[in-house]
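The same chain A turns up in both complexes below, where it pairs with chain B and then with chain C.
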Partner chain A sequence: MSKKTLFWLGAGIIVLLLLPVFLPRFYVYLVSIILLYGLLATSLNLVLGYGGIFQFHHAVFYGVGAYGTTLMLTKTGLPPMLAFIVGPLVSATFGLVLGIICIRLSKLYFGMLQISLGSLVWAIVYRWYSFTGGDDGIHGIPIPEMLSSPKGAYYFTLIITLVCLFIMWKIIQSPFGSALQGIRDNPVRSEMIGINVRMHQLLALALAGFFAGVAGSLFVVVDNTVFPDMLFWTFSLEILIMCLLGGWFTFLGPMLGAAVIVALRTFVSTYTDYWALVLGIIMMLVIFFLPNGILGYVEEKFKRGFIEPEIEEQ
Partner chain B sequence: MDAVYSIIPAGVLSQVFVGLSRTTILFIVASGLTLILGVLRIPNVAHGSLYMIGAFTAFTVTKLFGGGSAGFWLALIIAPLVVALIGLIAERGMFQFLYEREHLMLLLLTFAFSLIFGDLVKLVWGGEYKSVPVPHIFQGFVPLFGDLPFPLYNLFLLIAGPVVAILLWLLTNKTKMGKIARAAAVDREMVGAVGINVSRVFAIVFVIGCFLAGLGGVLVAPTVSVTLGMDHNLIIEAFLIVIMGGLGNIWGALLGALIFGLTQSLGILIWPQFGIIFPYLAVVVVLLFRPTGLLKSTW
Partner chain C sequence: MLEVTSISKTFDGFKAVNNANLAVEKGEIVAVIGPNGAGKTTLFNLITGILKPDSGRVLFKNEDITGLPPHEVCRKRISRSFQIVNVFQRLTVFENVQISVLSREKKTWNLFTPSASLAIKETDEILESVGLLKKKNRTTALLSHGDRKVLEIAMALGGNPEFLILDEPTAGMAAEETSRCIDLIKKLSQTMGLTILFCEHDMEIVFGIANRIMVMVRGGTVIQGSCEEVRCNEAVQDAYLGASDVCLM
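Right after this comes the complex of A and B.
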């Protein structure tokens, strides 16, 4: 990382740390949501953008993490902080198991199977009234006192998100991350040079599940509720759009996408009930005009200007 | 008929027939999905929405014609055509420009369509439940095996399923169009190279697939309450059926629908609250032994 990026990163973090001092309560809540959605989208990007795996139902792991944390908090007397570790671990296990079932011949096969099996998880959560609260979800979750104020929740979310982003950044930079990107670009060749493709992909899926679970636990802290819609497949789609809109070959793209989508949703919802319609139209525009996302587009322009003109395919 | 009951209890038998009627709907919708998947390689998430639009259009058409039998028969013709027209517009207007791009983009585009269709249905028809009356000649019950009452309409469905299957088989195997489509499913470049307009073949296949989704929607309308969100469940079920049967294989869709419909209806007998689990378990078991699905996939 160059000094310039480090400077901007530091400045950004300081601004985020100072935000609750200036902003009204609602906006602090909104920024918390953006941060945790950004974390969620980044965890998806770990497997989608860097791993080339079509993880179409990422919301399942987010929801499982949130429910795991919540059930630990409400149904057991174990130390509350433990719940924030158990939730993500349950999601990671889930990611691994679903990965083992779904990794098949082709990428699309994986995606379709995952959407379907993920929906089963949703259906179970939706119907199991005695355990998950069914379609009502669970409200008023007892949160450790330190985190229960909006500011406490915000700082907790901010710190955990930054730590997780840093770890993911390190993972991508590590030999494991390089191997993962190699598999994305050429699975056959990677296999030939002795990389265990299946193992790498499964590990990536478990890691993505873990960080999605962390995001789910953070939502419990910020919102004090869980509900089945958190793992409905339309939400997975929203996370996908965050990645796509921000730029799914860039590290910070998903975070940017999350910010844009959450801000837009809050803004649009005050005018109309038809958010899905707006989202669908945005998505079409992105697919046709910004296939590499905002950051991807910026990067492309930047590179064209300073390094070398891109050679267009004839 | 006591002989039959001594082997199978009446409750199980009636559930089997419920499952078989469900199979018909599932097969008709899933065959459209698998057709598009096999030839165009698009996992069309909007397929469920098209099915929903078919059901809502059936409601409007029957209501316009006084809610009688005539209305239903007209709906049976008009609604699938309306849905096919929507498919045609979507394919010519959007999908055809993305065939060269990555599959993810195609899938996301169908996702976008499903969101837009869902909200448009809400905009046009509102959020309330709608019901379509069962046409007169199919009202009432027939006794099966002596005294088991079975709705006449479901019997009609049981006949409709195989008819559609045979027509589809004739279309894909006996017509020139079908042969070209099957060839394009295997190697679209080669088909283009021998001077066939692949783009047009794709459009036709896409439209037929959408027509089937609409047809499924009309046929299901008298048996359920037509409502928003009916697309979500169905698309997931159709995906599983197609995966189980082998991507792109129409007979696979039939077999998958059969397994799905029966495990679903019998599962409810075994464990009422979580009967929904059994079809999913069936899929997992099938995939453990046959990773590419039961029948030969075109992929």
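Right after this comes the complex of A and C.
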């Protein structure tokens, strides 16, 4: 990483740390939501943009993580911090199990099967009143005192998100990350150079499930509620759009996409109920003019200026 | 070294490979020739595990490797390049070969060491040997077709193979690129001692570098023998050229 990137990264983190001092409570809450949605979208992008797997129902793992954490907090007397570890682990397991079932199908069929199995999980959560609270969800979840204030929740979200992003960044830079990108570009070729494609994909799915689960537990901290819509398929679509909009071949693209969508939903919906219409138009423009997403476009422009003219020698 | 006995593969009733036989000794360069659709690529897919044969056996160094998945076949030190360029499009030339080296070193389960610090020397050596070192930081999408075919071979070399399978290595290359590619194949055989199995349409190349030739027609083996034997074999001329009064070359 160059010094310049480090400088901007440091500056960004300092601004984020200072935000609660200046911003009113509502905006602090909004930034927390952006951060955790960004984490969620980045975890999807680990398998979508870097792994080439059409994970169409990512919200399931987010929801399962949130419910896992919540049920631990409300139904057991175990230390609360344990709940924040168990939630993500449960979603990692879900990611692995759904992955084992779906991975034998390729590309779109993987996505289709995942949507149906994921909807099954949603239906169970929606109906099982005695355990999950059914369509009411669970409200007023007891959160450790330290995290229950908006500021506490914000800092907790910020720190966990940054740590998770850092770990995912390391994973993408690692040999496993390289292999994953190879599999995305060409699974047959990857097999032929000795990579066990399915096993690598399964690990990626479990990892993506884990980080989605982390995002889910963060939502519990920020919002104190869980509800079945968190794992409804329309929300999966929203996460998918965050990735595409921000740039699914860039690392921070999904975070940017999350910011755009949350901002749109918050501010446009005060003027009209049809905020999704605005989103749809933006999405169409992006697909036509910025097929690699906003950040993908910026990166392209940026790189183009730096390509040195290479002289072909004979 | 490699022995394929009466191997067959049927797609929806079409016998793509039908009782084909092939034997390759250590250190040889063997060519597979045959008209389009004769089943050459299917044969290679059967050997490397991309397809599973309906019947027949593949022995490599006296070990039965029939039906093993490709990543395990690769571990036996059999590598291949593809006819249709099959590289990692979004990665650089260097990364393409590096993944192959990392995979051979079984490092792809490593989640935390940066790739950028691993297998640099090995990768550079391979790129040097095929003459792509100067272009190592280019995205493969920016390479010429000829360079991409060479990159194919470089990726296959990343697995440190003893046995190399090349599916039409020079297809679509310009004349100059072709001659460079042939020199490369000769070099791999002579200096690195690789055993090479390849298929090719250009008879000049086939007779120029192959020690022995296997002729495939409609999925079956017509003959496998030295260049002279194949050149004047009547069955080959009948099947391959459709006329018996012409001698190949």
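We adopt the following convention: the second predicted complex is superposed on the first by the 306 of 314 C-alpha atoms of A that agree within 3 Å, B and C clash if a C-alpha of one lies under 4 Å from a C-alpha of the other, contacts with A are read in each partner's own complex, and residues count from 1 in each chain.
What we mean here is this: a contact is a pair of C-beta atoms (placed from the backbone, for glycine too) under 8 Å apart; a residue touches a chain by one contact, two chains touch by 3 or more.
For clarity, every value in this text was computed on a predicted model and none was experimentally measured.
Touched residues of chain A were counted for both chain B and chain C, and B has more of them. In the superposition on chain A, A:Leu295 makes contact with neither chain B nor chain C.
Using the contact criterion defined above for the overlaid structures, shared-chain residue A:Asp185 touches chain C, although it does not reach chain B.
In the superposition on chain A, A:Ile281 contacts chain B only, with no contact to chain C. When the shared chain is aligned, no partner comes close enough to touch A:Leu202: not chain B, not chain C.
Looking at the shared chain after the overlay, A:Pro175 reaches chain C, while chain B stays out of its contact range. Of the two partner chains placed by the overlay, neither chain B nor chain C lies in contact with A:Ile141. When both complexes are overlaid on chain A, the residue A:Arg127 reaches chain B alone and has no touch with chain C.
Using the contact criterion defined above for the overlaid structures, shared-chain residue A:Met242 touches neither chain B nor chain C, since it reaches no partner.
When the two complexes are overlaid on their common chain A, residue A:Leu108 makes contact with chain B while staying clear of chain C. Overlap of the chain B and chain C interfaces on chain A: none, as no residue is touched by both.
Residue ranges of chain A in contact with chain B, taken from their complex: 54, 56, 101, 104-109, 111-113, 115-117, 119-120, 123-124, 127-128, 232-234, 237, 240-241, 244, 273-274, 276-277, 279-281, 283-284, 287-288, 291.
Those residues of chain C whose C-beta lies close enough to touch chain A in the complex are 48, 50, 69-71, 74-75, 79-80, 82, 86-91, 95-96, 98-100, 102-104, 107-116, 118, 134-135, 138, 155-156, 158-159. For chain B in complex with chain A, the touching residues are 41, 43, 94, 97-98, 101, 103-105, 107-109, 111-116, 118-120, 122-123, 232, 236, 239-240, 242-243, 247, 273-274, 276-277, 280, 283-284, 287, 291-292, 299.
Listing the residues of chain A that touch chain C in their complex gives 170-171, 173-179, 181-182, 184-186, 188-197, 200, 203, 249, 310, 313.
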